[in-house]
Structure formats: C-alpha cells, structure tokens
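Should a chain be cited, it is by its letter among A, B, C and D, assigned in written order, with residues numbered from 1 in that chain.
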Amino acid sequence: MGIIGLGWFGEIHAETIAGIPEIELAALCTRTPERLAAMGEKFGVKKLFRDYNDMLADPEIDAVSICTMWDQHREPAIAALQAGKHVFLEKPIASTVEDARAITEASKGSKGILFIGHIVRFNPRYRMAKQAIDEGRIGRIVALSSRRNIPAAWTPTILEKIGPIVGDAIHDTDIMLWFTGDRVVSTYAQTVDVRGLKFPDIGQTMYRFAGGASATLETVWCMPEKTPFDIDERMSIIGTEGIIHVQDTFPNIGIVDGTRLHSPDTTYWPMFNGVRGGALREEFGYFASCALGGKPVTIGTPENATAALEATLAAEESARTGEIVRIG
Amino acid sequence: MGIIGLGWFGEIHAETIAGIPEIELAALCTRTPERLAAMGEKFGVKKLFRDYNDMLADPEIDAVSICTMWDQHREPAIAALQAGKHVFLEKPIASTVEDARAITEASKGSKGILFIGHIVRFNPRYRMAKQAIDEGRIGRIVALSSRRNIPAAWTPTILEKIGPIVGDAIHDTDIMLWFTGDRVVSTYAQTVDVRGLKFPDIGQTMYRFAGGASATLETVWCMPEKTPFDIDERMSIIGTEGIIHVQDTFPNIGIVDGTRLHSPDTTYWPMFNGVRGGALREEFGYFASCALGGKPVTIGTPENATAALEATLAAEESARTGEIVRIG
Amino acid sequence: MGIIGLGWFGEIHAETIAGIPEIELAALCTRTPERLAAMGEKFGVKKLFRDYNDMLADPEIDAVSICTMWDQHREPAIAALQAGKHVFLEKPIASTVEDARAITEASKGSKGILFIGHIVRFNPRYRMAKQAIDEGRIGRIVALSSRRNIPAAWTPTILEKIGPIVGDAIHDTDIMLWFTGDRVVSTYAQTVDVRGLKFPDIGQTMYRFAGGASATLETVWCMPEKTPFDIDERMSIIGTEGIIHVQDTFPNIGIVDGTRLHSPDTTYWPMFNGVRGGALREEFGYFASCALGGKPVTIGTPENATAALEATLAAEESARTGEIVRIG
Amino acid sequence: MGIIGLGWFGEIHAETIAGIPEIELAALCTRTPERLAAMGEKFGVKKLFRDYNDMLADPEIDAVSICTMWDQHREPAIAALQAGKHVFLEKPIASTVEDARAITEASKGSKGILFIGHIVRFNPRYRMAKQAIDEGRIGRIVALSSRRNIPAAWTPTILEKIGPIVGDAIHDTDIMLWFTGDRVVSTYAQTVDVRGLKFPDIGQTMYRFAGGASATLETVWCMPEKTPFDIDERMSIIGTEGIIHVQDTFPNIGIVDGTRLHSPDTTYWPMFNGVRGGALREEFGYFASCALGGKPVTIGTPENATAALEATLAAEESARTGEIVRIG
C-alpha cells in the first residue's frame, strides 16, 4: 500500500498501517523532497515518489491512501481508481459536490474499491448506539445534538484551509444521517470569527431532516490553552421511546501533570510503542478486509460521504449569507 | 405574604416560604374552593380568598407571590403594585411584550418592589460562573450553548399552556443575557411535535448577539420514562481566554432503586422534612431582603425579564414561520 | 453571637453569619491583637476580646461559635455552656474521647444548646441520600466507600496540627454512621508520609460495622497543583436493593482560565458578594432555629460527634501501630 | 488454534478469534457433547474434542486458549506447553501459587509461548496511564485506589467458583504492580456476604507496597438490577507530582431504553456484527504477533500473573481470618 500526501495526517496513516498485519506500507508520495526522505527513513519505506502518477504506475502497489488537501482529492482519487487501485480517501470526500460525484462515478468502473475515511463510524460508542437504534430500543429519532470541539492550539494552520463545519461537523452530519437513515432538507448556521484567520473559528449549525427530526451541531476550534480536552465530543440522540448519550473522551482518563489536566484521545488514534491503534486502525482493518476479501464497501461509501459534504457545504453557505439554505 | 394562584408551583412557593424566617405565609388565593381549603389546611393559613382583589385589599398583607398562568399575569401584577404590595412574579413575566411593559410601567410608581422569579440566577453554579466572567477570567464571550431537558411525564399538562422555548429556554436566555451583558439581534428556531399536544415537545433555538456572539439552546420536554434526569441541564460559555462548563444535576447524586437510576434535583427546590430549600429559597430570601431592607431589586428586574421574553417569543415565531426573526 | 478563634475558619464563620438575618455578629475573640483589630474592622464588630472569658461574661451575647484548634476545644466549650451560652462547636468535637465526653457532659446541665458543626449533613446530596435510605429504597446497607481529597497547597499548615483521617475522614465517618444507624467495631488504616510534615499526607481507612457492613475511606491531602478539584469528594452506598452515588463537586462547574481547570466549591461555603452561602449557612440557620426556637438539636449532637471521633482516632492508632484496632 | 473449555468465556474467545485474520479457529474441546456440537456448528469448526489430550496430539494445532475453571488450569496448561503449543491461559493463572509456579516452570522448556490473559493491560486508558507514569509525569506513586463492580445478575454462578478479590481485584492488583513496578508486602481485606452463596459478594482490600505506597481496591459483585453499569470501573493513581484518574465505562455511552439506563461495555469485548472487538481482540492480536513473530511475551507473563495471584490470595486469607497477612 502507498500513501499520497504526507502532511500531519498522512504520517498518522503510516503510523497506523504499521500495526495492521495484512497491509504492508510499501510506498510514499509527497512533493517536498526533504519530507519524503524523512518519512521514508522513519518508516523504512524504499519506494518514494514525488508524483503520484509514478506510484500508480507501479504494479506492486495494490492500494493507496489519499491524504492530500481536501480540495486536491479529485485528480489523485480518479487516477488511482482508473489505475485499478483500492482507494482509502480521507474525509471530506472533496471540496465540492461536483468533485465528489466525479470521484464516485470513477469508482463505478474501477476494479479497486473506494472507501471514504469517516472514522467516527468506527468509534465503538457510535457503533453501539447504531446497534441500539437499529434494534428499535429508542423508537423513532426526533432530535439530535452534537459537539465536537478542539483546542485553539491545533487549528491555526487548518483554519487557513477549511472551516469547522465542513472540517468537523461533517463527522456528526455523517453519523446523524447514518442514525436517522434520512436526508437533510434545510440548514441554518452561524459562525464566529475569533482570531481573524481565513475561516471563522466557531460554527453552530442546525438541520431539518426530511422526516421532521431537528438537529444542532456545535464545532468550536478555539478551546483555550488549558482545556483538559483533546476533543470535547458528545452526541445526544432523542427518540420517541428512549435516548442515547455518547460522550468521548473525558472522563475516561484524566492526567494531571505539572502543566494541566489532560484528557488525551484513547479512541481515535492513540499511539502505544510508536504504533497507532483505535478507530483509525479499525478503519484500515475494515478497508483491508474489503480489499483483500472482495467484500463490497458498505461503511464509508462515496454516496454517504457526498450527502454529508452537501449538508455541511450548505451550512457554510448559510453562515456566509445569513439565510436558511434548502437542499434537494 | 400571600400567594395568588395555587397550582403545582404555587404550592411549591408555599412549601418554600415555610422555611424563610423573615416571611410569614398569611394568605392564599385561588378560584377553586376545594383546592383553596386543602391548601389552607396544609399550610395552616387562615386568610383564604377566591378573588385576589380581596387579598390585595387586606392591609396586613405586605407582599404577594403571583403564580397564575403566564397569560394571566398582567391584571393581578398591576393590581398588586397599585395596591402598594411587594410582588414576587413568576417567570415568564408575561405572555406578550406589551403585557410585560405594562407591568414594568406599573412598578415604577408603586411603593412595592417588583421581582421576577428567574430562579437560575440563584443557582450557585451560574453565580460562580458570572463572577468568573466579571473577573475577566475567560475574556470576551464568543459563543454559548445550553441544554435544559425534562422528562416527558412532567409535561403533558404544561404543553397545553406553554412551549419549551418560552417555558424553559427563557431561563438560559436570561442567563446568556446576564453573562454577555448584550442583547439578542436575531433568532432562528426549530421545533418538533412528538406527541401532538398544543405546543411542540422540542425546541432548538439559535441566537445572534449584537456583539457577534452566537448561541444554541436545546429544550426537550419529552425525555423518556427511564431517563435518570429530573433536569438535564448544562451550559458552556466559550470566551477568548477561557471556557466555563456548568453541569447540573447529574452526577451530583445518583440513586438506583428498584425502578431506575434517579438523579433528583438538589439545586432548585429540594424538599427536606417538608420544607423546600435550594435556589428557590435563595430567591425568597433575596426578595425578603429587598422588600424589608428597602434595597432596590437588581436581580430579576422586569427589564431583564422582558428582554428574555422578547427573545424567546421571537424564537417561537421563527419556529412557526420557518424564517429568521430579527429583533429591535 | 460571638466567635472564639479567628483563624482561617473563624473568618469564614464571620463571613457566613453576615448572611443570616436572625443572627447578629456582635463579638470577636482571638489572642493576637492585630488579627483581632483587623477582623473587627472588616466585619464592623465593636466588641473585641482577647480572653474568651470576658466574652462569656457579656450578657448581651447569647451564643458563641468556637473555632479554636481541635485540641483547645474543651475549656472554651465547657466555659461557654456553663455560662449558659448556645454553642456552635467546630468539628472534631475534641482531640480525645475523654474531652469529648466532658464537653457532652457540660451540655446536659446548660441552658444553652450544643451543636457540633458536622457540615456534610447539610450538603443537600447527602440529605437526599439519607432520605432515600430512610425510605428503604436501597434496602439494607452492606458496604460504603468514600473519598475526600484536597490540594497539597491547602494543607502544609493544617498538617502540623491534624492528619487527614481525623481531619477529613471524620466527615465521611459521621455520614456513614448516620446512614447505617450503626457503630464501628473495628478499623484498619494505612497512611503515607509524602512531604515529611508532622502528620502523614494520605490516609486510607477501613471500617467494620457491628451489623456486618464494610467501608473504605480515602483522604489524600496532597493533590497536585494542577488538579481541577477544590474537593474531590465522593461516596457510594451499596444496599441490598439499590445503590447511591454522591459526587461533589466536579463536574458541576468547571472554569478553564489562563492557569488551569478549576472546579470551585459551590456547595459548602461559596462566597457571593462577600457573603458565604451553601451548607455552612444552612448549618448556622439550623443552629439559629434551634437556639431561638427552643428546638432540641438532633443533627450535630455531641454523641454523634464523639462516635465519629472515636472511630477516626482508632483508625489513626491503627495506622501508627500497623495493627487492627477494635472499638467498644 | 483450539479452545479448551467452552463455558461463557470460551465462547467469547471464539467470537473474538473470528475477527483476527492471522488466527484460524480450528478446534474446540469441552466435556459436554451437546455444548461441543452446538459450538462446533456455531463457529463452523470441524475438529471437536472431548479430551484435550486428543487436541494437543493434533500437529495441525499450533496454539490453544485455555478457558477451564481457574482450579483446573494446571494439567491442561502443562500438557499443552509440553506438547509445544503456544498457550493463551485465562487469568487467574491458577488457584494456588504452587500451581502457578508449576505452570511457569513448564513454560521454560517449551517451544510454545505462555501468555496469561490479563486483559486490562490492553485497555487503552490504562496503557495511556502507564505511558504517562513511565514518562515521569506524575512523579513517584504514593497511593492508588480502584473499583471494579459488576451487577448482581451476572455473579450467582461465578460466586460458586471464585470470589471477587481473586476474581476481579486481581485485575487491579496486576495493574497496580505494573504501574508501581513494586511488590505487595502486606494486605488486609474485608468481605461481606450478601446472598449466602459460596463466596462473599463484596471484597474491600488494602495493600502496602514495599516502597511505601498504599492502595485500596473495591470489588462489589452485587450491584442492583437497575444499575446503569455493566462494569463500574475506576482507578486513581496519586503521584508526588501529579495524579491520574481512569474511569471506564460510563459515561462514554448511556442508552436509556424502555427498561433502564444502560452503560454497555465498549472497551473489553463489545460485539459488532457477531464479532468481538476491544481489548480482548488486542490481546489475541498481541498473542498472535508473539507466537507467529517469535517475539518474547513481555505483557501477561506468568511471573506477573503469579505476583497478582499471590497478593489476592493473601487478601482472601486476610478476609477469612480477620488478620493482616504479610507476603514474602
């Protein structure tokens, strides 16, 4: 398997693949020669490419993970699918619905599978919630609310590329679509610009679903320095017969050291002995089992990823224009 | 002191006044003779009235609490103020902004004080938060979010009279106005009708403040039978330099008995040995100290109560019309 | 009312009495002239004494609170009771069981009441738990466990005078005796000396009750600088038919400012506008209602306080000797 | 791989192995023919044995997991090791220290590896805590406390075979030994017999470590029917420079349905689509990587397992005799 794009998250992909026995990390690709050499050495990978087309031409590479910037997904994803590779594409699937549809289209004729990395579906709390919903234990879903807040220190670079609604509320949007089995028909959102970066730091989003359910989504990308949270992540799902509360990560673990209380991520990609585990490894395991076992992708499909993208782009439009935006 | 209106909450007022040494519960008023007699006996009160004008004519009564339905506040409140009584008026101050202003006007010329029972300001968690905000510990407030959810079993009767936004989000609205020192300039809200009662069971509200802060407010009045919560109540206040999380009531106390896990209210009006304590007693203590000590009312003023009413009425209009509603 | 002993907690008493309309703070007593003058000015109190006997001789003083060091309770308490004053005596009642019994004895013939300040009985969570236990909702109590941990920064001075078992586990001991209605028959305890102060910083205590129930009590007086907790306080009560969990204070309120996450006390003696509220005010209100209303003291009796003292002293003996200590 | 012993946990092993690509579940062994046939059918396993010696004689079986009762570990474990199989042995390693040593001895000369299933070491929260401790972030450990409580409904059968101290506190004992790198020198424990089964339902244990640290461990095996917890599991580790709190599982996920609030296990062996994940799968993955990769076992060694057994057996002796028991 090869990785295209070696930013912060491409490196995390590499650290995760190292822990999957069925997958060998065989190739890396990025434009910057220094970064490429450093990552090649760190992971003991020989095949190093500056142009992804060269990687795709290598017949020994069966699969690629694409971690380029969200507005640079279309070309490498379509090229990889056309080359017959299995594709693990990071979320959001693309930066426009048009791109997303083109990528989806390309996957139809490919002998490779296309999987979009909506990692939260591999968080065991949400999987357990989904099972409970499917068993009818909370009745029909009538309302949802979510929070996905992260520290200010993490986000200055990201906020030059993507805002918190498409960047993070897309996770909760995807989960809400999964839980309700419904579609979003309108959205209203408000943002707050705290630090004067390219995108506003805070997004608050509201959805109306076709079946009548209502939802709010909070995404704050400027939690203060001393916050205990790596991610302050919660969701409540209100049904006619029951209710589900998911709360990650605190207070699973709280570490008070000389600096502050830390509540580190033990769910998504915790690192132990240099190898990443958690939901990200689950994702790669699922991807491997589909690719190697010839099973169709049913989680992380491009159709689901496109629906989540469409709703969050509409929310951002609402925040920009101050108007309610209807979908479909 | 006398109580006008002896529904569920009028009785709670009586149970609270019993624990305030400076106040004597001397008179009760309600239209239904059976209820009046029963309450008179329960509290050992001799002066029983079916018409509040008779109570107001009694020179031995210095103060009244008004617990009539929210759309029946105007007449008794104005009459009491004109009679020179001190008035403890339950929230919402009225059912229309016009009524609220008329009541406020009546208070200007009265020798009695007018206090509106916005009880959450007497919850020690919110008072502590207010102090921290005033000390500048979290910088400028940029976003807020709140939840105030209650069990379905409590609400069928209430939902024939008032909905969750004006009924409950008004608490959080008042607190947000207090914390920000700002005013709401626009609102968008969505409701969900779960049980087909007169008002919808669920409200999700979004505010924009004049200074740019954004807020969401969740009010679910149909939590399932087995929920542990009496009130699932939370607020997060995000500042430029810090953040505050308030969480009442769980997990302060969890009682697992033969039926379920209970997380009873120990904050607002817990009853011990037949007498109510908590924030409601704080409120009455504050009311008594203003009334007896000649101090001006600075918490629970009619102006603040009117601002909170105006914002929540606008939110309800938004939910009804599907449009953003601007204020002022 | 007068206060004897103006250390840290005597001042808190004064700040609390200021909020009790039935009580007038009329006199102060401490040996240090500077402290006495400063406190007199702060609270606007005219009657300032360096010898408590002078205060007790003043017929205008009806009641005293005694906040001297725990091994200096006997003389002022007995003198005050013999002078016919109502006495609010801070916990522990004394430093030896013999002293405790002498004080109790003195209260029998006095026209003043004797109340021992076991404040946790006025925490609404424990009161609610007690009610649930008395209603039979959790069946017969078979086991209990508690924690009462405080920051290291608070304790260097205290640890020169008293250790965490008699100093703090006595609260939970008193509550466990109250909840079970039973007595402790044996104890085993271990301490850990972390900072080399006069008393060890950490105590872990185990009790066996006469009726067979078992209990553990944790008291750590050296939580690190960045702990969010003012008090990390919890109790679980396991019954044959149910279970109760009490958790104070976090996460009621969490304030993240520039230094760390704070979870300040909003239960015991929170200060708002310079006046203390919470359980400490409840205690003074109860004391006033007994003293003024001629009601017998049933909470905070010297007999209960002596039983809690006896158990914790036995636990400290166990920790010193390494042996199990049996009682009674 | 084969499984010896097909009780409740042997079946869970089978459900877990199904999700490990490197391991094939090839053989099953139990005495009861009906159970053997049913499990063979459920998991599609052909090789079914009633005598484990027959399984061990099969050269196609490289590894076995042993899930027999804790006092029936010695013979199959030694036989399997002598047959050169890799052995995954469930905790406790044995029912006596003598048996544990004999099994350990047998592993020395075997070409198979011996791994003891101390699953909590694979819980990411404890692993994260261990990392923080090893990095020196909390200084030297001075005290620990733990809870591991489970519902009464789960335990009547288990309590005929093993008590909560050796059955469950052994997990926390192992973790405490791991965290401190120390050994237990004395123990005092108390048990409470609630339901009159063979072993008492409740254990409260105290340890003293050689280096001076003190610990309490709570294990209640009779939580009431309506408790939200599958496992109420917590640990606090108090260091000279910091503190760590681990809290599994609640409130990660709370599901309120028609019966009660549930907080299901999402950490140890959650089942999704019929396959077990979580820490149990981590364990099997670790076992497979050692067995297939020729790596030595460093987690779950028989020496560590024996130390934890010895401490918990001493605690049970203390509870039986009422005396402090010293070790080593």
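Convention: a contact is a pair of C-beta atoms (placed from the backbone, for glycine too) under 8 Å apart; a residue touches a chain by one contact, two chains touch by 3 or more.
Keep in mind that this is a model prediction, so the values were computed, not measured.
More contacting C-beta pairs link the chains of A-B than the other of the two pairs B-D and A-B. Against reference pair A-D, the listed pairs A-C, B-C or C-D yield one interface repeat, B-C (criterion: more than half of contact pairs the same by residue number). Centroid distances from subunit A, each centroid being the mean of CA atoms, peak for C.
Distance between subunit A and subunit B, defined via averaged C-alpha coordinates, is recorded as 42 Å. Taking each chain's centre as the mean of its C-alpha atoms, subunit B lies 35 Å from subunit C.
Mean C-alpha position of subunit B lies 52 Å from that of subunit D. For subunit D, the set of residues that touch two or more other chains comprises 138, 223-224, 226-227, 241-243, 251, 256-258. Taken together, the subunit D residues at the contact with subunit A in this complex read 21-22, 124-125, 127-129, 131-132, 137-138, 241-248, 251-258, 264, 266-267, 270, 272, 277-278, 282, 288-289.
Residues 223-228, 251, 256-261 of subunit B touch subunit D in their complex.
Per the touch definition, subunit A reaches subunit B in the complex via residues 138, 142-143, 145, 147, 188, 190-192, 194, 201-202, 204, 206, 208, 212-216, 218, 220, 222-224, 226-227, 238-243, 322-324.
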